[in-house]
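Input: structures, listed below.
In the two complexes below, chain A is the common chain; its partner is chain B in one and chain C in the other.
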Partner chain A sequence: MAKIRHDDRGSLLAPLKALGFFTRAPVTETLAPRPASLNYRGFHVNDWSQCIGCGTCQRICDNAAITMVTIPSLPQDPARGIRNQRPAIDYGRCCWCGLCVDICPSGSIALTREYIHICRESELDSYFVLPDPNGIHGQPFPAGWAKSEVSELIDPARQPMKELPAPTRIQGFDEIVQGYEPQQAIDEAARCVQCGLCHEACPTHMHAPEYIRAIWRGDAEEAVRQIYRTNPFAHVCGRVCTHRCEQACSIGNRGEPLAIRWLKRHAMDSVPDERVRELVTQDSVAAPSGRRVAIVGSGPAGLTAAFDLARHGHAVTVYEALARPGGMPRYGIPAYRLPDDRLDADIAVIEAQGVEIRCNTPIGAELTMETLRQQYDAVVLAIGLQLGRSTRIPGSGHRDVHTAVELLRRIREGEALAPPKRVVIIGGGNVAMDIARSLARLQMRRHGAIDITVCALEDFDHFPADPTELKEAREEGVRVLASRGPKEIVIDADGGLGGLKTLGVTSVFDEQGRFAPRYNHEDEQLHEAAWVVEAIGQISDISILGDSLSERLEWDRGRLRVDENGRTAEPWLWSAGDMVRGPDVVHAVADGHRVAASIHQALQQHTEAGS
Partner chain B sequence: MRPENYQARAHPPSHEYELNFGPNHPGIEGNYALRVRLHGDRVVAARAEGGYLHRGFEKLMEGRLWIQNIALVPRICVPDPSPMEVCYALSVEALCGIEVPPRAQWIRVMQLEMSRIAAHLFTFGGHAATTGLYTNMFWGVADRDRVLDRFEELTGGRVYSIFNLPGGVRRDLPDGFLERLSGLLDYLESRLEDYDELFFRNRVFVRRARGVGVMSQQQALEWGVTGPNLRATGLAFDVRRDDPYLVYDQLDFDIVTEEAGDALARNLVRRGELRQSIRILRQVIERLPAIDGPVRAPIPNPLAWRVPAGETYTRIESSKGELAYYVVSTGGEKPYRVHVRGPSSMHAVQVLERLVVGSRLEDIAQIMFSLDACPPEVDR
Partner chain C sequence: MSEHPEGHGPAYEHLRARKSLAEILQSAAEFERKAHQFYTGLIPRVRKNLRYLVEELAAEEKTHYELFQRLAEDPEARQQIQERIAVPREDHRFSDYIQLPDLGDNPDDQAILQYALGREDAAMKQYRELAQNAPPGPIRQLFEYLANEETAHKLELEKRYYELVYGGSRMVPRV
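And now, the complex of A and B:
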């Protein structure tokens, strides 16, 4: 590089060189207005139809410029993870960094190529604006800095779960899911943006953001505390919950939702059972109230109510007809999904609160509901749905036609069930998958081969079973047929069961959305089998109530009618769980809490009125 | 009668007076003040008075998530923001052990050199204005704007690019960006001769700047001077070459030095560095297309990101000298401590206070500009 010569005075005419500038465009010319660059980070635009109101933009904003504002006219749908809130931006604070755009889980927010916002005198507060699909001026500007894969700040992929491979798991009833390694759990928990949509979607409103955060911090005990704030069936829900939370998870909008259920499982598994009991019992300080509550049924609803009521100081006795407590999780869910010892651990925590569980004590002839009414201040009916429905097609009364819940219970009771080489199952829900996969294991053990056909009314686009269940069942060799309706059960000349005839389904619901399957009668198939298992739904065995009580109670198409707190027409009787809400474990837990709160309130009012 | 413990107040000599130079003065970059003691128009003593732009960045950074500070740091030095981002990102990467993809490293070098050009154009302009040469200031600002156009295209922001995250950069290059950058360099090169004519060979400037604000190499080293100011005393020290970061060790460039150590020499070093930056950018334009791969290494969810415990001192060469971040993490979601070792705080305080002594009142402004001290960065 040439050094400059300052001492060279140059020609006397040198200043005339400046005249040359007359022929050149000025350096500082006024530029014609041009649009901003394609990536420009100008004012915000927000697609309200995409925005889910999760508020992640608010949390990442480094200047606290974003406030979530409730827009009452917008839809609010907690189950789908949609809140009717939208971000409003204080442009006195915004620094246009665009981190809100890069982290937005739904990808709805973007920055525009809008250079200027003019604040008119009449709207001096217009620094605070609510961007909608038209930007902030009501006139759309093209999007500038928008979501891109490169600048994405959210990790869309979930940590893989270690599971037994199909050939191994089909050999027995060992639990399939092996659980996260500690680091995996931390990495999975780190994906959470703490939006809380899961908390709103969960029927029992579990504090998922809090326990996920605790797991991320490596504090499993705090996670357990957070889990027990709302759910005493912690191990059960960590394994078999229908995880509404994950359907609502904001990360699921553009990636895989957080494995919230597996994280709960991890937290519960990483704290020893005795320590869990200690943690949960620590803050239970209520003095005995002198009130007594009977609970009929020891499933999730009954025991959750028992847990709450015992912690309020009431003396709780749970009556269970079967040999062991737990209800459907014990007798309806196969062990490969929920091992007994985990359920036992949950129940041990509930018992540690002072709940007395009396097994092998059915209500009916010897111990009547009337006796309970006389002996207790309140009674909860939480008997669940323990009888399988029948299709009532021709031949369904045959001895080799079974209901799924009955078979599942017999398997779980340890009976040496001997399924034949060929089995057909009617139904496409999770119970159908449970019995198909359980029988497949037994067939494997007995015959060394699996031949199970599941016939579901619905097509695969509207399949009722959990997609994971469907996938795993197929991996294990279960044949799943969609859009097949049962026509009749074929009985051989010698009285043995020959198989099931099905028809192709053209539609499941009618124009009004009512259940009214229509069949194509030319599309008939025979599925040969020695057993047919019906898995089309369950009902309650209400015979235990007795005629007089049944008459006094109100019924709604076979289902006991209760108010929003679970109270029946009888002032001393509440009901909770599957028998009033339909089958779902986490709904049963939520219902247990609701009923317990209502009973506690009633008992307290009673005490105050009496004293 | 006076009490025994009476002591007469020591008054300054009556021929001296004190003058507040700034904080609002056209010859001062930003809000910054000197309290100067003058004898006639000769400076006898000076005291730097900063703090007008103190926003408490270092403390603010302790209260923010690691990623949020990316939006904060460019504001520490407005005319040359890219080194702030890159240096902070490098510090966090050092603590986390993140390997930055090569393509991102090249893009970072490109930003740093673009920013250096923009900053130097600004400084020439400012210096020229302190000697009454306003055309040069208009030119400098106008040409800097053309660099900012490219920043706008690349990063979405003209001044605060907020483009470097720990792990890399936020976007890849827009289509055709390097051609347009090349066009910009062609334009700038065509302007260099004009700048020489109008400024560097301008006798007004040369005679005003020569011999003003002289420091020796030894003084410079004692006072913590770095960057072009140090190189103007003849010492060829440049972090880019002596402690290479990013891909500077793969680039061909000269360290520009001058011997005189005065205001003129410092400007001539910057004049040379502008050319060197163009040279580096030409190499980037040539080699970057061949470097494939991602522009970002994966980082955890920024809302749940703990940086491993540790401390790091990471330095780079900004247009004003050695810029470094001393970052301490205790393994938390936010930095435990961030200290910015900005070059301007040395240049604008201990160096300026000494250099103006003995100079004339009208030279204070150009001494400050020749040191290229940036008040927002002094105060932080």
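And now, the complex of A and C:
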């Protein structure tokens, strides 16, 4: 570019040249508004029906121009990732960069195509505006700058997980999921917008945003610290958690939710077990309290309570009826989903806090609940749901009719189970999938072929099993039949099991949404099999309580009645986990924390009272 | 359901021999009263955690018993019965596939509901058969009404059975 000298006065003829402009036709600008650019960045509009109140717009705004305002009349549902908050904009701060629009996980925010001052009368001195369903101050405006694939800041697809292919995995019980590579974990963590909806949805309120951020920074040890703030079943939940966090993840509104469970798994697998024990134990400094607590059952609820109580300085003894600790994760979840050594690693951390676990020590005949009451300051009952329900249809008492939980336990105990060539499973939940896939592996080993049929009451649109479980079961050769209700176990003339008769199910729920299956009695099928496995409801064996204690306790429609902290009608007895809340690992962990906090408070009160 | 807990034959014959609406309703009420007595007697035999179930069954039988008795004493009963049978209940026939249990000394919740289902199923079938065999008129209408009532009761029990057995966790002593 040519330089122009500041003192250059130009040509002497310049004024004459300027006079030439008078000869040109005048240009007139119309007073009527011109249409703005389609991508004009005017004021904010927000579709409240789409907005989930995640506050990501607020967090990305460098000028702190956005404030989340609570709207009490709007729905709030942490499990679905919905907050009753909506963004309000301070136009004294906004620079119209549009990042709030580009990051918005639901795509609800846009900028208007007009830039019109919309504050009126008493609002004239305010730049603070809450865009609502009526637009801005009741005036609707067409959207200009809006979310598009081009402006999207977040990758909508999650990092693919490496898994064993079906032909390989069906050969044994090796873990299917292989885990993320380090760079994959960083890339997946980079998708997180730190909205915290996962934290609110998680029953134990795990600090997922914090550990995901640590993973993104490459600091696995910090991630482990964050995980252990609320969950001592870190490896277990990194593998088999029901991951409610992912159902609430804001990114799931427009793409695939973050793989939060797999990120937790990655963090735990990235740090050696010994180092995890060091990290978790180094801040456990409580002095011995002199108080003793007994816990019956070594599943997630019991051991979480044990972990917390031991860190408070109480002497904790856990009584386990079976040979190894772990409860349902040990004896109910197949090793291809949860390898023993990962559960062992979690339990080793818990034991490192000073928890004593006594296996092969059932409570009942020799060691009674009354004995525990006398010997300990508090007792926790956390025995889970270790028995399977039977359909009790005709023939269900046959020796070759089994319950899924019993078979899963025998497989996990290492028994050389020998399933026949044909097996039928009744049920459509995750336990049905677990036993179907476990028996498929044993069939493959024994017979070189798989013949497993799963009969579920529900149709595929309402299937109770996790979709991934259903998909993987089918990939492994399990035949899954929806809308089949059990009618009768067929027993042949020699007393052998011939199979299961089912009826077609025309509907499962009534008008009120209650479980009330209706059958088509003309649609009967026989599924030939030498074993039938029932995988329906689960129950808890409470005979360990004894008659006297059962009478003293309060019950609520068959369930042990506990208060919001898990305390029963007996002041020395608390209860937690599946037997109180129903089957779910992460709920059991949350329950263990709740019960431990209540016991710790009660023991402190005893100490202060000198009792 | 192949057999009735209280015996199909005598009850059936007893009802068939009744000739007036009031007599039939009194007999039906008597069956309900016996059922109420049965469940009341069962309450102390089950563990405390399951008593709610037997207490509810006893209360339901008592409600039925009182309803039938009120109708037997009410001169407007025929009108009420006609109104009630105007909406026939559909039988899902689920109970056909549940075994009748031996309640024994310490029954679990599932066995208690199986028993109750069996009882309602058998009563429903009895009344339905009596209605089919009765000549058209008020007696047939009454049997249809009773069958309708038992069907409704059975449907409610079936839902509870499903919720109990397929619907999640409960606690029972290992037997």
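Everything that follows uses one rule, which is that the second predicted complex is superposed on the first by the 574 of 611 C-alpha atoms of A that agree within 3 Å, B and C clash if a C-alpha of one lies under 4 Å from a C-alpha of the other, contacts with A are read in each partner's own complex, and residues count from 1 in each chain.
Rule of thumb we're sticking to: a residue touches a chain if its C-beta (ideal position, glycine included) is under 8 Å from a C-beta of that chain, and two chains touch if they have at least 3 such contacts.
Since this is a predicted model, take the numbers as computed values, not measurements.
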Margin query: Quick check on the chain A-based superposition: chain B and chain C, clash or fit?
Written below: fit
Next item on the list: Considering only touches as defined above, state whether A:V150 meets chain B (first), chain C (second), both or neither.
Entry: first
Item checked: Cα-centre angle that chain B and chain C span when viewed from chain A, reported as a multiple of 10 degrees -> 140
Margin query: Contact-wise, after the overlay, does A:F460 reach chain B, chain C, both or neither (first, second, both, neither)?
Written below: neither
Item checked: Shortest CA-CA distance between chain B and chain C [superposed frame, angstrom] -> 41
Margin query: Please output the residues of chain C touching chain A within their complex, sorted ascending.
Written below: 47-53, 92-94, 97-99, 101, 109-110, 114, 155, 158-159, 162-174
Item checked: In the complex with chain A, residue positions of chain B that touch it -> 64-65, 67-72, 138-139, 141-143, 149, 152-157, 160, 162, 170-172, 174, 191, 196-197, 200-201, 203, 206, 210, 254, 256, 264, 268, 271-272, 275-276, 294-296, 298-305
Note to self: So in the complex, the part of chain A that touches chain C is made up of which residues?
What the structure shows: 385, 387, 389-394, 396, 457, 486-488, 510, 514-519, 521, 536-543, 547, 550-551, 553, 555, 557-560, 578-579, 582-583
Notebook entry, point to check: Hey, which residues of chain A end up touching chain B in the complex?
Noted result: 1, 4-6, 8-10, 17, 27-28, 36-41, 56, 59-60, 62-63, 95-99, 102-103, 111, 144-145, 148, 150-151, 153-155, 187, 189-194, 213, 216
